[in-house]
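Here come two complexes built around chain A, the first alongside chain B, the second alongside chain C.
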Partner chain A sequence: MRTRTYRENYRELTELLPYRSSWNWYALLLAVLVSLPFMVPTYVMTYVTLILIAAVGAVGLNIVTGTAGLISLGHAGFLAIGAYTAGIAISTYGWPIPAAILAAGFVSAAASLLVGVPSLRLKGLYLAITTLAFSIIVVHLINQWEGLTGGSSGMPVGRPDFLGIPMRSPASMFYLTLVIAGLTVLGTLNLLRSRVGRAWAALRDYDTAASMMGINLVRYKLLAFAVSSFITGVAGSLMALNIRYLNTDSFELIVSIEAIAMIIVGGLGSVRGAILGATLITVLPDFSRYVLSLFGGALGSIASGNTAEIKGIIYALVIMLFLRFEPDGLAHQWNRTKRFWSDWPYSRK
Partner chain B sequence: MKAPTPILSIRDLSKRFGGVQALSGVTVDIRQNEIASFIGPNGAGKTTIFNMICRIYDPTSGTISFNGKDLLRHRPHHLAGLGIGRTFQNLALFRHGTVVENLLVGMHAHLKSGVLDGALFLGRTAREEAQAREEVERIIEFLEIEEIRNQPVAMLPYGLQKRVELGRALATRPKLLLLDEMVSGMNQEETEDIARFVLDLRDELNMTVIMIEHDMNVVLDISDTVHVLNFGVPIASGTPAEVAGNPTVIEAYLGAAHA
Partner chain C sequence: MSYFLNLVFAGLAVGAIYGMLAMGYAIIYKVSRVVNFAQGEIMMLIGYISYSVALRTDASAPLVMLSVIAGAIGVGLLIERFIVRPMLGQPVFSLVMMTIALAVMIRAVVGLIWGLDPYRFPGSATGAPIELFGVYMQPIQLFLLAVYVALCVGVWAFLRFNIVGIAMRATATDSTVSLLMGVSVSRLYRVAWIISALIAGIAGVLFANIYHIGPDLAHVGIRAFPAAILGGLDSVLGSALGGLIIGVVENLAGGYIASAYKEIAGFVVILVILMIRPYGLFGQKDIERV
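Entry: the complex of A and B
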């Protein structure tokens, strides 16, 4: 019987999950997620929906900043463009949900060329500031363009039935998010292990050498922005569908910082890392607030009154700690743990 | 009988960086299937010639043609497709990748899959990836680096990293291979390996090779032609024996050694 420990042909060497045992674990994870609405209270399921949406966004940002090495503080801007595109498509034009989600991706990808073009010349801090300015301008435009976006008073977003399936319940939102998160993760993993993903990693590591390998730097940088923003736009559309009432408060600068924190904590360039990071960073502020409130008194009231400040402090701390002590992020820890268990009992000193 | 057209033809090539005249009036023909060497003291302008062939720099004046085509009309990312591959004087590997991943990047110009193909990874893309992997495996075998194929390149000793860089250049399927100080920093055994690989590439895969080398044993033993530069000025060209006996060359080298 084949244990599939040894590869028999080159096709097997290029598989996504070459080992049967890892298939089993991912099948189990999927089964747990699919049955989640039947097993946990609604607020837990809604919380997992939030994590999944954050994970889609983090996987998107990770492409441009983690894999291609082009730092972007414009994440909130692309989320906003995606969210409002979906909102307008559904509320104003009555588009079905899948069409609205795709439109969100495409409009966001198109907008990314506005920051992609400067990225051809700018590096590091300069690119960070340009992308940051972009997202501030986006939020400003949304607030100004009242006729289209509802301006500062906001915009309701419905969840129309799709092919007779009611979309209004939290469970249907959860399943919609799960499907899209699954497709995003699978597609991104595939992309990163094929020609385009390798080209992005190559231009991050050594751009002159990458161009000698035939990689058109201009094209691949723009492509990294476009694909990253497409996915981020899709995440934005999920935010819109999930909160059902859009205003620009959801797209402040802190959201971009949060996304950067997710991919740094997870490990730049790693899809698994982006998911782990999205989970940790989504849970951490609520968890800290809960812990602070246990102390009661003054600490408790600080916790309940200053959500944004607490988030900011936590992200700053987490980013600094990870950059200092584990720059390869949670993905690296994951691999070490996995190796420990697969080598056990020989891994014991 | 008419001589066959050279694979690479450099005419009156000059390059000035601000106040530095890095290269003046270099004219060289490289014949199909030969091993040619550029030698000369540090700062003589050897790497600058490579960088102009590779279109990283524009010449101040002069022309370069490859198989009769004007190379100066091309951009750096066209070279792999045209059939010119190179290694760098200082290591230029993709340091986050493994050996296999570095070589796969080298195949970029010969693969086709785009964003959607990659994301879906269906039949054609899966086949293309498997074929690329197979070709990479042949290069790994040729360079005798089977043991390290899945190691991150950043962890490898210097000599092996250089060898991986050669492998990555081979993955671009070059007709003309440019090697910039391939053996400097290598021990005797590693140097002999590289010399053997270069000869095999020429003899078995019909490549044309241009080396920039300081190691005179390698240069004199395996080159067909040697071109000598001194302060950006070409001072001699010919067979190893001719160049080694040339008084100007001896003077330049002794001069450099005494300086």
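Entry: the complex of A and C
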């Protein structure tokens, strides 16, 4: 019987994966994802693309809210900045896709300083409302700045070829998203097990104590915001490339709440949780609409006529039930299930 | 000059609504250190309930008032029982997320029941405007300001003289000691949620009478955040005053800069204010013991 608690040295404590065999499983998962376009119909693949984009965004938010404990209700703003930066870079200036994605990340990270600086003095809910104000201002400015962003009528985004590879097909979009999602997850996991990640966890748990341990609060809080919004901006650029048409309707307040729902459902502070949460929250509205339509009759017609409302009710119920009954989220559930089977038949219920 | 005065008066009228909502935020924050993100939605829900009552009773004023009170008590009790009480002892963040989820829920349910089109509130009298020093005032706006002042005085007196109000202030200062003194915290929460729902409901009905009733009422709740922040989340009367300031600033920005900036003026103000005074204008500074 194996146990997770016995570590012999410090290096084992910070290893990326606890066992050699885990690498095989993740290699298998990667192989399945890579061969997905050949195995499933196109609509499933575009669905997985959506999930991966959501996962990138959730991992980004998870850094600042889950790991560093700075509540952000304004990530729709960073998402919008990233999406519009990529859109403008590609459509107006004809940049190649990777350059546009990087630009989206860096512009978002720069904008995050606007929120990061007040975060040095604000605590808890005051900060949450400041980030909320930030995202409202961003969306409003995008709507006003018509010359640059197309205003409320929106803005088309092309998918230019990259190094002779055509990017127009859903499969190429899927691979692009997969590569970026993979890099994001790997980068975040490595960051979280380094000094930086431990510093963030320390300032989340007790910032006064953390600063006494020699952690520079100013630097690490700003860094948390910058890294988080870099990733969120990248997610925004993927969103722009995926929808190929930008409009501020995609960045309303409900998007920030959706993102918060993802990391709560998944489990705050856990990368795996963020991915699981993103999957669940992305799939749930369509899945439940499908289930409701099975009932047919009045219930089915309510479900098909009021998609936005059904979506709202489901998000609300999921957030409430998870907060009430499983505040540690799916990541905790995952670990429990895993322990149950690895200890079997000696596992306790 | 009369352009300026008209803007200021219109700002005061909108600001009174913001102020009422902000008072609701502050009352709940005072007792439980939680920001109720569903305040605007509660206002919308009670507004819609009284709209339905008004529709069926030919807009009889006493019945509408009764429906606001009954609605507020019902909503307050339900929220306390099913949202707040199960979350006692959990981190504050969890309860705040619960109120965000509640906001999404109420918005969706209201959309399902009443649809997404705005309606005119039945019996909303648009009397002849009164002109005073070149300022045009609707009678209902003056009534709104009178209600606002009455609510401010009422809440002040409640917190100052009523035993429940005093218990509230005691809990705000130190919840453990007030628990030891025999204050029933769950009863306090119930009272706080009912009062704040009541104030929100009154604001909702007045708003619906001046403008219309529709799903955008929920946005008023978000635009009242700057008011609560400006006044300091734990200062009830400060928040009420913050509402007036934000209302006037919004209207002046809309009148003199560009009408598009009316919607975000309040948010810009709090971004600036919070950099200078992180606990609002009248809020209590947190002094931490290490």
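In the analysis below, the second predicted complex is superposed on the first by the 332 of 349 C-alpha atoms of A that agree within 3 Å, B and C clash if a C-alpha of one lies under 4 Å from a C-alpha of the other, contacts with A are read in each partner's own complex, and residues count from 1 in each chain.
Methods note: a residue touches a chain if its C-beta (ideal position, glycine included) is under 8 Å from a C-beta of that chain, and two chains touch if they have at least 3 such contacts.
Everything numeric in this text was worked out from a predicted model, so none of it was measured.
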| item | value |
| --- | --- |
| Chain B versus chain C as contact partner of A:N24, first or second or both or neither | neither |
| Partner chain(s) touched by A:L317 [first = chain B, second = chain C, both, neither] | second |
| Partner chain in contact with A:L125 - chain B first, chain C second, else both or neither | second |
| Contacts of A:S35 with chain B and chain C, given as first, second, both or neither | neither |
| Residue contacts on chain A - larger count, chain B or chain C | C |
| Which superposed partner A:V227 touches (first chain B, second chain C, both, neither) | first |
| First, second, both or neither for A:A308, with chain B first and chain C second | second |
| Touching partner for A:S152 - first (chain B), second (chain C), both, neither | neither |
| Partner chain in contact with A:T208 - chain B first, chain C second, else both or neither | both |
| Residues of chain A contacting chain B in one complex and chain C in the other | 208 |
| Chain A - residues contacting chain C, complex | 71, 73, 117-118, 121-126, 128-130, 132-134, 136-137, 140-141, 144, 208, 253-254, 257, 260-261, 264, 302, 306, 308-313, 315-317, 319-320, 323-324, 327 |
| Chain C residues touching chain A - in the complex, by the definition given at the top | 29, 34-35, 83, 86-87, 90, 92-94, 96-98, 100-102, 104-105, 107-109, 111-112, 222, 225-226, 229, 233, 260, 263-264, 267-268, 270-271, 274-275, 278-279, 286, 288, 290 |
| Interface residues, chain B side, partner chain A - complex | 54, 56, 75-81, 85-86, 88, 92-97, 101, 104-106, 108-109, 111-115, 117-121, 125-131, 133-134, 137, 168, 171-172 |
| Chain A residues touching chain B - in the complex, by the definition given at the top | 9-11, 13-14, 16, 187-188, 190-191, 193-199, 201-202, 204-206, 208-217, 223, 227, 269 |
